[in-house]
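The structure under discussion is supplied below as structure tokens; questions concerning it will follow.
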Amino acid sequence: MNDMAQRVVDPAAVRQPRALVGNKLTVIGALLTMTLVMIAVLGPWIAPQDPLDQSFVAASQPPSAEHWFGTDSFGRDVFSRVIIGTRASLAIGLTGPIMAALIGVWAGMLAGWFGGWTDRLLSRFSDLLMSFPTLLLGVMIAAALGPGFQTAIIAIAIALFPRFLRLARSATQVVRREPFIDASIAAGRGPLGIMLRHVAPNIAGSLIVALSLWIATAIRLEAALSFLGLGTQPPAPSWGNMIRDGMGDLVGDPWPAAFAGAAITLAVLGFNMLGDALRDMLDPELDT
Amino acid sequence: MNALLEVDDLSVHLFTPRGVVRAVDGVSFRLEAGQSLGIVGESGCGKTMTALALMRLLPSPPARIVGGHIRFNGEDIMDATDARLRQLRGSAMAMIYQDPMTTLNPVFSVGEQIAEVVRLHEHATPQAAFARAVEALHQVGIPEPDRCARAYPHQLSGGMRQRAVIAMALVCRPRLLIADEPTTALDVTIQAQILDLMRVLRDETGAAIILITHDLGVVADLVDDVAVMYAGSVVECAPVADVFAAPAHPYTQGLLRAMPSLERKLHRLPTIEGTVPSPAAMPPGCRFHPRCNLARTICRDHRPPLLGMPEHSAACWALTEFELSIAHVTAA
Amino acid sequence: MAGYILRRLLELIPTVLLVLTLVFLALRVLPGDPAIAALGEYATPDAVASFRQKLGLDQPLWAQYLSFVSDAVRGNFGRSMINGTSINALLLQNLPYTIELATAATLIGVVVGIPFGAAAAVWRNHAPDMFGRVFALVGFSIPDFYFGVLLLIAFSLKLDWFPMLGGGQGLLDGLHHLVLPAVTLGVVMAAFVMRMTRSALLEVLRRDYVRTARGKGVPEPWIVFKHALRNALIPITTGLGIYLLTTLSGTITVELVFSRPGLGQLLIGGITARDYTMVQAGLVVFAFCVVLVNLLTDLLCALIDPRVTLR
Amino acid sequence: MRRDLLKAMLGLGATLALPRMAVAETIARVGVSARDLGALDPAFGIGNGDEFAIRQIYNTLVSCPDGTELIKIDQLQGELAETWNMSPDARTWTFRLRQGVQWHKGYGEVTSEDVAFTLRRMADPKIGSQYSSNYRLIQQIDTPDRYTVVLHLSAPSPFIYATAMMPRFGGYIQCKKAVEELGDKYRLNPVGTGPYEFVSYDPKQRVVTRGFEKYWRGKPKLDRLEVLFLSETASRTLAFVKGDVDMIEGATVPGWFPSVRKQMPNAVFDFGRPGGTFTMFINMTRKPLDNLKVREAMAHAVDQSIWQGAFGDFVEPMYGISPQGFYGALQKQDIPAQDWPFSFDPALSRKLLAEAGLPNGFSVDVFISEREEYKTNLLIVQEQLRKVGIQINMRLVDHSSYHADIRKDLNALIIYGSGQPPLTQAVLNAFYDSRAIVGKPTHNMNFSHFGDVAGNVDALIDQVNRETDDARRIATLKQIQFEILRQVPVIPLPSPAGAWVRNPRLDVGFPVHAFMGTFTLGKARLV
């Protein structure tokens, strides 16, 4: 009894989201991401000690009442550094993909809508970017601009830009053939108007899912970039550079790297769960 | 000698998040070997669910058989083990589906898919099985059957694919063939060819056929008896001639009146008022009573069983009181 | 079909040329100077001048570009600016290690990912599915270099089952060195493949031809692993192809942690030391690998799905 | 058609087997903190990795006694030179070579011709060796017979042997025939006379050498010596603790030494003293660093004992411009009790800043190399200056850019660590001579612009270089250092030792108190 009737009504408008709360994973994912964002925002006020304060007397200590997560090789409080580090890692983990999304989606929609030369040019450019390993991109940008906050963001944005472009392009190509698009063309709306009113909402579902999953990837990338010494610069903490510094003495004093690694895993876990849940709800077919 | 297939009081419910749907609600019918039965009804009346239940192919969540018995050759397949069911499916009973575009596996050649049935149920070498497949394709009238056997489903037309599906179903000489709207997805000319093919194959193989369709015309010249279903249960069951000549149930009468025919010049086709009740909100008593002009208080309160003669029965209280003339009494 | 492969490889030329130009310009823009990197911080100005002259760095940019491209097209990548070793030799010696690692990781990813994914799809919302999703989420979340060091400490330092350094010599020793790095990358890959297999299989199991197969009396395992999986392999292969590119990038950090030779090391070292010829050669090879991976994926899809024609 | 496609693809993915070399022999592995080899040619060797390998393959004319850094002329031990003497006016040096010393790979016996060729090659600007400035003093080289070399210097230099003839700064004697035959390939195919002969070089991996049978001090007990490039601290440490590597270069990461000691209690720590100079130069042309009071405030804010807490006995305080062990360096007792800019006194720092018109301090942008030893030192200085209101905005740059940019005078505070011959004169020539100011044609490493700004000691430096009387030379050196330090062009940081950690099973054959690049492992054996 498949529905042979043509879909004249715009499906995005009619689709009711299934109960979001029902899914266990969603709850955990949402909780995790919310707490992390909160920690990022309130960082400086809730960190018990100054993350930069060095005291070599108390260097490389295991977790204790005074230092919940122990101290690193400079004697700095790891717990405070993980909290303050949240802001750096999340900021990079969010800004990068969002920048990539803004540019990538527009480029993807243009390529998908107009096809022909624009499509071939943009796709060739995105394939080219895809052929650069992200970490190498980071190293080259760092060599040019110097390692740091902005390098990590640019490297991640460039790395994720092609993915958003391809996603938006294929989604646009599918949506473009639907009759409700012809209907709005007949109604005299220009291509940009149509893209905004019809194409964007229809790919919004898969975009939100992709964004949350790729934020998870971005946080992992920030960690890898910091591991190579290119991300957030000392003395400011970020999870990535905490692991890098902690790795030097992992057997003797594993705590800084252990807790930073756990923080990254939790953050990526949270966004992945959220992404999974959103995907199951909004767009079961999407695969990253 | 018991019948090839006896179905009594079969019930299938769908357990969906929005509540339980009684798709099939107490369906009973019998089928002798070599006989063929048409199950007719509008979309959503439960005819496909019934067919799938016979082969135990219901999609487990959300559908489940909640009651009744299905005896195939005396063996109740309700409590048949999975292994036993696998032996029956494809050899003793086989099924043809509605949309040939999606029925065949796109990544295997047609010949391979047919040969698989042979190798599953008969100990045959792959080459022998493939030869049987080519032979089966030939039997269903496909030109150059060996080329077609090596071809992939997307390389064949709709009609050819449906013939291949039929070949697959019949290759192991099943005793029962269930055809679920085999021609609905095909255009009219191909439809006729497929129906002729089924009639020829039925006579050659002696297989009993259950033909499920919403199109009364298709049923007319292929089946011996017809069961009309409405909202999950059988409302009338009779030889095909009687159903057309003297429909007993008001719903069947409505259906026949709604068929366009060349003889009568009508500018507006008569329809049955109201719509099919939604499965979640079934009316009490006889489910047709809200749309039935003969509806009485009894119809609203109690569901009518199949009344009347065994050969021609209908589930309608009106039957007893007005002794509608039953055409079968006169027919030999 | 050979024509198709040839055409795809020819298509490689414009991409590689584009990569060459982009890399050539990018490297020249970077601050820092190969002469300083080669001669050391104390190099006197005239030593630097003679070094630049010897390597032709003092010629105008376009001249350098032309000579570089003409050499590259003939497959001669010249010599490393820092210590003069022939780059072709360097690549021949180091590239196999990266290919080994990427292949091994992919094998682990597929061999672990697909069965687990299938199990998660068949027993949806039961034990295998739940366990599988948690494994996938965790596997997907741990940064690979961090996971690598944990493996190093556990299996190499404490248990001494595997060596800790280098890429090993010869087949057996090489494989012995390959295990931990391959597992590091393989686990992440397996998590990804598993999620893809699960969703692809769930999608396929809803299709009519699966019910047809059941209607033919085909046993359940055959249905999943023959009829359904073969169809599910199509989206899995394309997804795997794309993901393999991120794995190639992952080899860089893993090679660093395991002190393994490989393309990643050559490139990172090259950029840090401003070894232009090395980096240019390395990135061309990398672009070539990317195109090869895409080609392999398309060929694999054509093999699985008869509907795909190689035009 | 489909079948052959599958076969083709499987063939592509097969593992590539590499040549096998399984030989059961005593092998010692040394892990250095370097990403790759620069060169095995003594003229171009850079960094600890190259220096260590070159030292095992080559000999010099003279060297400090094994494992020590004793530099006076009467304390030296001869290597290729059997006897050596200096003319009273320190302008003519005569070396008599040891006889029968063989070159590696059958290049025959070492002669005075090889020594003359080496000294001329090192001085030649066209070759462009970074050490060429050390050889400019040699005006003429005579080889009266097969085993005698006489050097005539353009100016008296009582320490020419230290700067030109000793290990670590290019003083390795090379084989004339080999260099001319190998040409460009010589850079990676060294031919020396040392205890270990070059075997192979695996890029990014290691250099392999084997015991040289005909070594003039007797065949080494180690069959094979491998130098592994392990730049990643975590992997290098783990490999050492596990026993895969017998000796590794230390890491200037706080807490690293106690941690290794905890994991391997019987590990042997070889601290080479005196280590390198590690100082923070203040670019006195930048506001407000041109103000002496500001510089004094900075000096008073830095407490060298903090490094002791972080690194333990890996570092030792530096009172003057050169480490305590250097010839002519300031010692603890030379430091005046009061009115000394480098005494730790944060309160005085804040008072001086207020007097300089900066009551709430100032901030300064500084870039630093990402390498551990540079980054860690600036991090510690940054934290201490932050406490007196001086905010250092730190930006990490990669190592090559750092060294290129500081020579273009682009940085305000320049942390610089360099290995110098253990002579204060060498430090003066490199960092405090006005002719060595960055940006000038004869530039060396004078980042603070001392000489042009806030005083000049060029004349005194020339005088001490020519001074032949030992006592007067030391007195002048100390006077120069006081004159420089009063202007605070630099903040001395504790001097890190040349630190290596050894597995006790690798016995070097003598106690080690010198930098790893100064002695050979000729006597080493695996216990």
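For reference, chains read A, B, C and D in written order, and residue numbers begin at 1 within each chain.
Just so it is clear, contacts are C-beta pairs under 8 Å (C-beta built on N, C-alpha and C of every residue); 3 or more make two chains touch, one makes a residue touch a chain.
Keep in mind that this is a model prediction, so the values were computed, not measured.
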{"item": "Smallest count of steps, each to a touching chain, taking chain B to chain D", "value": "2"}
{"item": "Greatest separation from chain A - chain, by CA centre", "value": "B"}
{"item": "Of A-D and B-C, whichever chain pair has more C-beta contact pairs", "value": "A-D"}
{"item": "Per-chain Cα centre nearest the global Cα centre, belonging to chain", "value": "C"}
{"item": "Chain centre separation (chain A, chain B; CA means) in Å", "value": "53"}
{"item": "Averaged-CA centre spacing for the pair chain D and chain A, given as whole angstrom", "value": "45"}
{"item": "CA centroid of chain B to CA centroid of chain C, Å", "value": "55"}
{"item": "Chain centre separation (chain C, chain D; CA means) in Å", "value": "39"}
{"item": "Shared-contact residues (touching 2 or more other chains) in chain A", "value": "143, 247, 250-251"}
{"item": "Sites on chain D at which at least two other chains make contact", "value": "232, 234, 238, 241, 398, 401"}
{"item": "Junction residues of chain B - those touching two or more other chains", "value": "99"}
{"item": "Partner chain D, residues of chain A touching it in the complex", "value": "52-54, 56-57, 59-60, 73-75, 142-143, 146-148, 229, 233-235, 245, 247-253"}
{"item": "Complex contacts: residues of chain C adjacent to chain A", "value": "15, 18-19, 22, 26-27, 29-32, 133, 137-138, 140-146, 149, 153, 157, 195-196, 199-200, 203, 235, 239, 245-246, 248-250, 252-253, 256, 264, 267-268, 271-272, 274, 283, 286-287, 290-291"}
{"item": "Interfacial residue positions of chain D with respect to chain C in the complex", "value": "1-2, 5-6, 9, 12-13, 15-22, 35-39, 44, 46-47, 125-133, 184, 187-188, 201-206, 228, 230, 232, 234-236, 238-239, 241-242, 244-245, 398-401, 403-405, 418, 441, 443, 445"}
{"item": "List of chain B residues in touch with chain C within their complex", "value": "55, 57, 59, 82, 85-91, 94-95, 97, 99, 102-109, 116-117, 120-121, 152, 154, 165, 168"}
{"item": "Of all residues in chain C, those that touch chain B in their complex", "value": "207-209, 211-220, 227, 230-231, 304-307"}
